[in-house]
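Heads up, the next two complexes both have chain A, just with different partners, chain B and then chain C.
After this line comes the complex of A and B, so read on.
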């Protein structure tokens, strides 16, 4: 395989890992509330800025800015669920679904976050977080990776494993899974469904915030950085909107495909790549590559 | 004799009517509507440039004004938004009844006013926006590009790459928008004229988040000079990948739009290796804080002692200079049309930008020159010899 292709694949895996984290965040929200979180990208952006503030403004050590950003964005997600979504659900008329209103609520949240960030003068200029790990690049055959890239992949793997362990082995994780599968049944066995919904939103938001801190050294932070949610949505659709492992595969696949399209077709086609892959998946396997049987539900 | 007196009286009446027909002019004042982003994320592009223009008008007023008329300025904030520019220009013209409008720091916004000013026959001189789409092809009422159009940027950077950097195999990374297309057209034309080959043109979205594939393609093309005309965020990504992929032996020339503040650019790139052979273009006649710019910086500090001017401050001067020159040339019997006719004849050295400021009947882009600077990523800015000029035709 040519060095060009190998480099494209390696770099695609790195960016794909970050897409995967954001996609997991979207899927956690979707599985818990059937809502697509259009503010996911802005949560990523806000996480990046909070990480930058923690590192440069407060002088925290680099490793601590991750939990700092996670806690801050957790609060944003949890409060949004408690203050907005819960009320929106209760405002729905009998027999009608509040889903559309809730989705519009997430769009509103994206504008609120972006507007709030724009008010801060610091965000007028473009910024980048210093790399997690600088130093000599790592060569794997003809492929060159920065230490930063390896750190991103490792961090993403650790987070995904931690999430898997959380959902598989902890009572809270099992309760969240039960709530997402059948809220009524979960309530009947004593699981506090509103608290689980708030926790799911907080957890998803925290994950998006951490993804923002991981991304901020590689990309540039601007209030418009939230546009990356489109790539995460594509990753989630490719993998399957109900499958967390599917998100991981979808994200990595998307990162690699983008680069290969740029190399073999045209750089102009890079921005088209996510949508082309989405269309292909929807045609061939609309539930996603790793989800179960296709189902349809009236909203 | 009676007929002569009658003719003189009628002429005077016609002139008086013409004067009365054009708003914004009185016996002792000319009112100019001045607008730029004075708030929001793009304030740094416009506020200091606007204040520099106001400063120039004040200097003219101190010398007695223009043919006995002082310049009165009404300022508005356009936030670099097309909708706001249109609203602001309409307000200045219809409510404030200005003689002309002078403003626009962001091209998309500045261009939005073109339809209105053309319909209302109001002269619009841009402040520091390049305004490519509104000045090429030229229309009667809109003048701009005091920093240069993207065609000029592409032509001059290509000439620098071939003549100074001895490039024979040029790679270009540009955006897939109108400006990128304009850059590519003039880069190709100039390279061809000078006997160089463009071995790769990578067109990328301004919103791209990963330039791995385009930079791999460029590396595979084996250029001996790389030209980037990307905007600030993608330009940083390009410089990062350029260093990461070990391409730093190949000179990288970055156009002015991608490096508004060199120190900030270097900080964002975060890799000293990217600046081993790095150059950037500028429309100014010197480094931003170079000796030729000092008199303007000193003048600005007199007027605004509490403000540290941004890198874009002096960009506001050439347009104001062009306006006062045209007002002088148009004479006491000033009308909008006579002002435009006079503006079409200006051709002068502003002592701010690298080349002459000039218009003509078929030309509305004021400036077509660039200088180039070698930058080491720290405090080392070395002005490269020469001023590079686009002829206005190549690549069109």
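After this line comes the complex of A and C, so read on.
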């Protein structure tokens, strides 16, 4: 393989890791409330800005801005679930009209975040977060990786392993899974379902926010950066939209495919890649590439 | 409420027609421009509501059909000299045909999956409008020559207004017939429960595909309306923001009801104008305010404004 292709694959894995984190955030929301979170991209953007503010404005050390941003965005997500979605769930007619209203609610939230970030004077100048670790690039054969890229991949791996441990071994994680599988049965065994829904939204939001902090050194942050949610959606669909490992595989696959299209076809076609991937996967394998056999969704 | 709707319900349409011919004599041009935009959005929203509010299919492809209608009508006119009265139905028919094709995956996909697949289709269509620059003019856009409707020259806001009103009246009447027809009932049944619908002898897949095609025809008609009063089109007109605006309109107004959709279109269509004129100092807050209003409506009126009015009256 030519060095160009190898380099493309390596950079694709790096961006793919970030797509995967955002995709996991979307899937956690979807599993807890059947809603696509169209504000997911804005949570990423807001996380990037909060991280930047903590580092440059408050002068916090680099490692502390991750929990700082995570806690702030956790509050945004949890409050949105508590104040808006809980009401909508109760007031709407059963069935799809509630779903549509809730999705429109997330669209409203995306406008609120975007609009709020836009009016804060802090965002008028273009800021850029310094790289997590600057230094000499690392050479692996013909492939060159910035230290920052390696740090992004490591951080993503740490977060994913932590999530896996949380969902597999802790009481709260198991309760979250139970609630997503069957809320009524979960409440029968004493799991506080509304609290779980709030936690899921907060967790998903915090994840998106941390992904934003990771991403901020790589791309120029603007209030419109939330558009990245489209790539995360594509990654989540490749993975079947319900599986967290699927998100990781889907994100990395998408990142690599994008870069290879850039190498072999044209850079203009890169932006089309996620949509073609979404349509192809949904037409051929609606349950995703990594999920098992399609099963009937709860009615 | 089977069969054709009672004649009295067509009275507002007569008013709309009279207004369409009378208002250009009295209102200043800017208001007529706003009116034209609102009427175009009304047709778009009515079409989206057939799919989402009546048939219960959560799809995002509407702007793509709107674009197909606009470009077809405009290009037929500019390149081949096809008059509007033929070009617009052709554009609508092409949109409907592609809607039919897009409708088939809908028989396999549900809820969010359908939403995402159609969303991808809409984005891909916008990419085509951008990249196929030999035909569409690409990002630089396409000039639309002023069409004439049966010898009546349009192309400006006052001249287009009566034609727009006539088309809107026609589409509202069509919606009234559709929603009280057998197909309209079948759509409601599919929305409420596909299993029950199938058990009562309704062909669920055919109903879904029909809803997709009809909804796409509305978008194609709205695309034709676009060429009546605009002189320029570029792919930005068919961005994802438009579908979000349309969805917001029908959710705020009330899903699955003609008055609800029209209320939503008027409210959200005029809101930016009202904010611009009355709260000039807060212009930067416009995006924020728009989001807050959406969230508040979802919180307190999840069935929309019309849904709340109906619930208050206690009528079915």
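Heads up, the rule we're going with is that the second predicted complex is superposed on the first by the 290 of 299 C-alpha atoms of A that agree within 3 Å, B and C clash if a C-alpha of one lies under 4 Å from a C-alpha of the other, contacts with A are read in each partner's own complex, and residues count from 1 in each chain.
Here, contacts are C-beta pairs under 8 Å (C-beta built on N, C-alpha and C of every residue); 3 or more make two chains touch, one makes a residue touch a chain.
Note that the coordinates shown come from a computational prediction; the quantities given were computed from them, not determined experimentally.
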Superposed partners chain B and chain C on chain A - clash or fit
fit
Thinking of the overlay built on chain A, is A:118 touched by chain B (first), by chain C (second), by both, or by neither?
both
Give one of first, second, both or neither to describe whether A:271 is in contact with chain B, with chain C, with both, or with none.
both
Should A:259 be classified as contacting the first partner (chain B), the second (chain C), both, or neither?
first
Now for A:71: first (chain B), second (chain C), both, or neither, which partner does it touch?
neither
What is the contact status of A:83 with respect to chain B (first) and chain C (second): first, second, both, or neither?
second
Count the residues of chain A touched by chain B and by chain C, then name the partner with the higher count.
C
Which of the two partners, first being chain B and second being chain C, lies in contact with A:108: first, second, both, or neither?
second
Which of chain B and chain C A:233 touches, first, second, both or neither
second
Touching A:165 in the superposition: chain B (first), chain C (second), both, neither?
neither
For A:279, decide between first (touching chain B), second (touching chain C), both and neither.
second
Minimum Cα separation between chain B and chain C after superposition, in Å, equals 5
With the touch criterion stated at the top, can you tell me which chain A residues are shared between the chain B interface and the chain C interface?
118, 268, 271
Touching residues on chain A, where the partner in the complex is chain B:
4, 7-8, 11-12, 15, 118, 123-128, 130-131, 134, 137, 144, 146, 219-220, 222-224, 227-228, 231, 255, 258-263, 266-268, 270-271
Can you tell me which positions in chain A touch chain C when the two form their complex?
30, 34-36, 38, 83-84, 87-88, 91-93, 95-105, 107-116, 118-119, 230, 233-234, 237, 241, 268, 271-272, 274-276, 278-279, 282-283, 286, 297
Contacting residues of chain B [partner chain A, same complex]
40-44, 176, 202-205, 207-210, 212-214, 216-217, 220, 232-233, 236-237, 244-246, 261, 264, 267-268, 270
Quick one: in the complex, what on chain C touches chain A?
52, 56, 58, 105, 108-113, 115-117, 119-121, 123-124, 127, 131, 191-192, 244, 247-248, 251, 255, 284-295, 298-300, 302-303
